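Note that the chains are named A, B, C and D in the order they appear, and that numbering of residues resets to 1 at the start of each chain.
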Amino acid sequence: MKIAFIGLGAMGYPMARHLAKQHELRVWNRTRSVAERFAGEERCTLAASLDECADAAAIITIVPTSREVDEIVDEIAPRLREGTLWIDCTSGDPVTSRQTARRLGELGVELVDAPVTGGTPGAEAGSLTVMIGGSEGGFRRAEEICRAFGKKIIHVGEVGFGHAIKAASNTMLAANMWAAAECLLSLKKMGMDLKTAFEVINAGSGRSNASENLLPKRILDGEWPVTFKLGLLDKDVRIAASTAHAQHLSLPLLSLTSQLYTAAHHALGGEADYIEAVKYAARMSGEEW
Amino acid sequence: MKIAFIGLGAMGYPMARHLAKQHELRVWNRTRSVAERFAGEERCTLAASLDECADAAAIITIVPTSREVDEIVDEIAPRLREGTLWIDCTSGDPVTSRQTARRLGELGVELVDAPVTGGTPGAEAGSLTVMIGGSEGGFRRAEEICRAFGKKIIHVGEVGFGHAIKAASNTMLAANMWAAAECLLSLKKMGMDLKTAFEVINAGSGRSNASENLLPKRILDGEWPVTFKLGLLDKDVRIAASTAHAQHLSLPLLSLTSQLYTAAHHALGGEADYIEAVKYAARMSGEEW
Amino acid sequence: MKIAFIGLGAMGYPMARHLAKQHELRVWNRTRSVAERFAGEERCTLAASLDECADAAAIITIVPTSREVDEIVDEIAPRLREGTLWIDCTSGDPVTSRQTARRLGELGVELVDAPVTGGTPGAEAGSLTVMIGGSEGGFRRAEEICRAFGKKIIHVGEVGFGHAIKAASNTMLAANMWAAAECLLSLKKMGMDLKTAFEVINAGSGRSNASENLLPKRILDGEWPVTFKLGLLDKDVRIAASTAHAQHLSLPLLSLTSQLYTAAHHALGGEADYIEAVKYAARMSGEEW
Amino acid sequence: MKIAFIGLGAMGYPMARHLAKQHELRVWNRTRSVAERFAGEERCTLAASLDECADAAAIITIVPTSREVDEIVDEIAPRLREGTLWIDCTSGDPVTSRQTARRLGELGVELVDAPVTGGTPGAEAGSLTVMIGGSEGGFRRAEEICRAFGKKIIHVGEVGFGHAIKAASNTMLAANMWAAAECLLSLKKMGMDLKTAFEVINAGSGRSNASENLLPKRILDGEWPVTFKLGLLDKDVRIAASTAHAQHLSLPLLSLTSQLYTAAHHALGGEADYIEAVKYAARMSGEEW
C-alpha cells in the first residue's frame, strides 16, 4: 500500500521502519536531514514537500501535538483524495481531533486517532499498544496497517477516544507516581530505609506500576535515565485536564496533579525525564532523594 | 506463653483464634459479650478487667486508634511487669506510638508497633502481613508470636515505623483509587465503554492495584461489598497527613487526598465501604457510576 | 446613533433602558416576549430577526457566554457593514474573544470586549464599572456609548483583557470567600461566637470584601438573597482557569477554587446565589451554618 | 504590679517597654544580652534565671511557639504561686494552649492566651490589637495589663480561642494573597499593565487587604521590605491546618494554602518577608514579578 509517514521522532522513526518493510513508504519530517537519513537507510521515498504526501492511500502522523496535525491538514487539504485513511498516532487531544476529523470527513478522508504506548523499546520491537478511536470500518483498515508496529491494537470507541484514554492513562501514572513520592518522602524524612519501604508497599494494596517498576530504580539505585520526556507527560496530563474542563467536571486531584507537573516542567525543563518530577516533589519540602 | 489479647474486632477476633491454639490466652474486649463468646468458643480465659491483662508475658492490642491504646496503658500501667512485650497491632499513629513506647520503656516494658494488612480473609487464614517497628530484640520476640496469624513479618525499623508505613501504604491506595476514579469519570462522561477503558489502562503504565483489582468489580459489575470501612481508611490517610505535618513537609497531593476522603466520610458515613469513596468523587461532578 | 442591543437579561434590560433614552435603539432577545415588552415600554424598534441588527453603527451584545456571541456573529456576519463597532458586554472568555475579534476585523468591524460589574442595582442606576479591551480608538468610541450605563469606564488594554480582568477579579472574590468560609467553619466548630470572629477578622489583615460585606449578612443574620447566580460565578472562575491553562501556568489555588465552585454548582444548582457556595463548603465537613 | 516578661523579640521588646513605665517589671530572654540591654535601658530588673520569674503576680510570655511556652512552664511550675495570671502573647496553637491551661489550672494559675496583631509599629506605638481567650475574670485582669501596649482588646472566648482566631485571620491573609498573586500572574503573562489591573480589582468585589495594601507596593514599586517573617506566617497557617485536622474537618483550600506556604518557606527561608511568598507562586510557573 502507498503510505505517507509524517514525523520521524523517537517513536516515529522505528515505527516507520517496520512499515517500510511491508509497504511503499514515503516519509516527511520537519527536520529534513532525519527524513533523508531514514530514506537512505530504509530505501524508501523522501517526500520533497508535505504536498507529496497527499495522494497516499493512508497517511500516518506522529507529531508533538494536535496543533501540528492541524497545520499539516491545513497545508495538504486541497490535494487530499477521497477515500484516504488518516491515522493520527500523535498523543493529541480529543477535542481538537474531533474537529479535525469533521474537516477531513467533509473531504471524504477518514481520521482515526491511534496513539501508542510502549516507549521506544516497544516501537523498535514492533510491540506497541495502539488505542484506536474511529468508526468500525476505519478501525479495521487502521488495524491492518498498525499491525506492522503494534502488538495489541484496541478499538476504544469513537474518534478522539484514543487520545482521551491515552491522556487518562498517563494522568493516572502521573498521579500515582507523585502520590507515592510524597508518601515515601515522609517515610524517608522519618529515617525509614526506603528499600524496606518499597518491599512493604509493593506487597500491599497501595502498589502501582509507579511504585513497582518506575520509582525503585531511581530512588534506590540513583539511576535517572531519560526514557520519556517530562514535557510530554505534562502535555498528556494537561490534555486530560482540559478534556475534563470541557465536560464541566469537578476533578480536584487530576487538576492539582496537572498544576504540579507543570510546575515541575517549569523547574526542570521539558527535556528532563518524566520521573524526575519526583525530584521537584521533594524540593517543595526542601528535600532531595 | 501467657498472652493477653485486647480488642476482638473484625480483625482481632480471628487473629486471637490463631493465638489461642498455641498460647495460654486471656482476652478482653470493650463490648464484653464478644469476649464472652470468644472465651466460650476458644476455651480460653476471659479477663474480668483490663487489670487482669497486666501480668501477661506479652500484651497484644488491636483497637480503633492510638488514643484507645493510651487509655489502656493509663489504666494498667501500675500493674505492668518489667520485661513484658507489648505488641500494638492497632493501625495507630507514629507520633503517639513513640510517646507511648517511651512511657512503657520507663516501666521496663517494650512496645513494638505491629499493624497488619490482608483484611479479614487474611486474618482468618493466618496469612496477614505484619509490619513491625521496634528494636531488633523486640522484633525477634514479636515475630515469633505474630507467626500465629502472619505470613510475611517484616522489621521496618524503629518504633512507630510500622504505623507510618501502614498509613503511607493506605494513603497511596487512597490516592491511586481517587485519581483513577476521576480519570474514569471523564472517560465515562465522554461516552467511552468503561470495560474497554479498564482493559487499556490495566495494560498500560497508569495501572495500580486500585485499577486492576478494586475498581472494576464495583464500577463494571455494580457490586459494592463492604470489605474495609471508609472511616478506617480516612483515619489512615489522616495519620499520614498529620505525620507529614509534624515533619514540616509540603505534600499537596497527600494533603488534598486527606481532605477528599474526609469529605467522603462525612457524606457517606464511616461504615460505608472504603471504595464507595469513588461515589462521592462522582457526585462532586453531579455524576454517578 | 443607530444601536442594536442584543440580550435583554437581568443586566441587559436596565442597561438598554439607559441607551434607549439617548439613541435610536433596536433590540433583540432570544426569548422574544421580553424584547416585545422592552420595545413597548421604551418605545424602540424590535428587531424581527438578528439580521436586522446587522446594519447598526454599534452592536452591543450581553449574552450568557462567548459561544452565544460567536453564534450571533456567524448568523449576521454576511450583512455586517464596515466601520461598525461591536461592544461585547458578555462576561466572556479572552481566548474566544480574540478569535472573534480577528474574524470581525477581516470584515472591517471592530470588537471591543466590555464586561461590566456592579450588579443589577448598578445597571439600573447607570453606575456600572465597564472594563474595556480594544484599540485606543475602539475604546474611545465605546466609552462614549457606555457612558449611558457606566460610571467608571476603564481601558484595560487589548481585546480580551476586559474579559480577563473580570474573570480574574471574580476568581479572587471566589477564593477569598471560600477561604474565609473554611476558616470560619473551624472557629464555629470550636465554639467561637462568629459575630466576635468577624469583628476580629475585619479589624485585621485577613479581611476582604467577602469577609466584610458578603458573608456576615448570610452567616450571622441567616439571610441568603439571590444577588448573582452561582452558575455565573462558576463560569467566571472557569474562564480564569482556562485562560491560565492556555498560558501554561501552574496556579494550584486558582485551579482548586475552580473545582470547588464547580462541585458547589453541581450540588446546589446554577440558579442558587453565588454566596451559597459556602453552604457546600460547610457540607464537605458535615456541617452547616 | 510585679510582672515577669519573658521573650524580648521584635514584638516583645517594645511591648515590655510600655509595661516598664507602669509596673515593676522583671525580664528574661533566651539570648541574655538582649535582656541585659533592656534592663539597662528601661531600668528594670533582669531575672537571673527563669525561676526568678515564678513569683510575679502576672507572667507574660511571647516566644516563638507553644512548645517554648510549655518548656518554660515545665521549668518554673514548682515555684509558681496560686493566683498568678499567665498571659501568653505567643502566636501559639489552641490545642496545646488548652492543655497548658489545664496544667496551670491545677496549680491555681490561670492562663489566658492573648496573641497580638499590629506588627512592630503597633507594638512601638502601644496600639496593638489583643485577642484574649480565657474566663471572664481572666480576661478582665489581663485586659488591664494589656492596656499598656494594646488599643483594641477583645475577649474572643475560652482559652485557646485567641490563638485560633489569630491563626484563622492570618490564614485568610495568606490565602487571599496567594490567590491574588495567581490571578495577577495570569494577567501579567497576558500582557496586561498591572497598575491598571490593581485599579480595577480594588474597585471591585475581589478586593482584599492583600490586594489593596500589601501587593501593589511590592509588585508595582518593586519594594520588598521585611515586615513579618515568612516563617511566622507559615507557622500560623500550619496552626490553622492542624486545628482543622483535630476537628476532623475537610478544608481543601486552607490545606493547600498551608502546603504552598510551607513550600515557599523551604524555598525562600523563614527569614524572608511573608509577602515574598508570591515570588515562589510566580516561580512555580517559571515567572517572576
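Note that in this section contacts are C-beta pairs under 8 Å (C-beta built on N, C-alpha and C of every residue); 3 or more make two chains touch, one makes a residue touch a chain.
Remember, predicted model here, so these are calculated numbers, not experimental data.
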Selected pair, greater C-beta contact count between A-C and B-C: A-C
Chain whose mean Cα position lies farthest from subunit D: A
Centroid distance [mean C-alpha coordinates] between subunit C and subunit A, Å: 39
Gap in Å, rounded to a whole number, between the CA centres of subunit C and subunit B: 50
Subunit C, residues touching no fewer than two other chains: 248-252, 256, 259-260, 262-263, 266, 284-285
Subunit C residues within the subunit A interface of the complex: 238, 241-242, 245, 248-252, 255-256, 258-260, 262-263, 266
Residues on subunit C engaged by subunit B in the complex (per definition of touch): 252, 256, 259, 262-263, 266-267, 283-286
For the subunit B and subunit A complex, residues of the former touching the latter: 94, 117, 129, 131, 152, 154-158, 160-161, 164-165, 168-173, 175-176, 178-180, 182-187, 189-193, 196-197, 199-201, 203-211, 214, 240, 243-244, 247-254, 256-257, 260, 284-285, 287
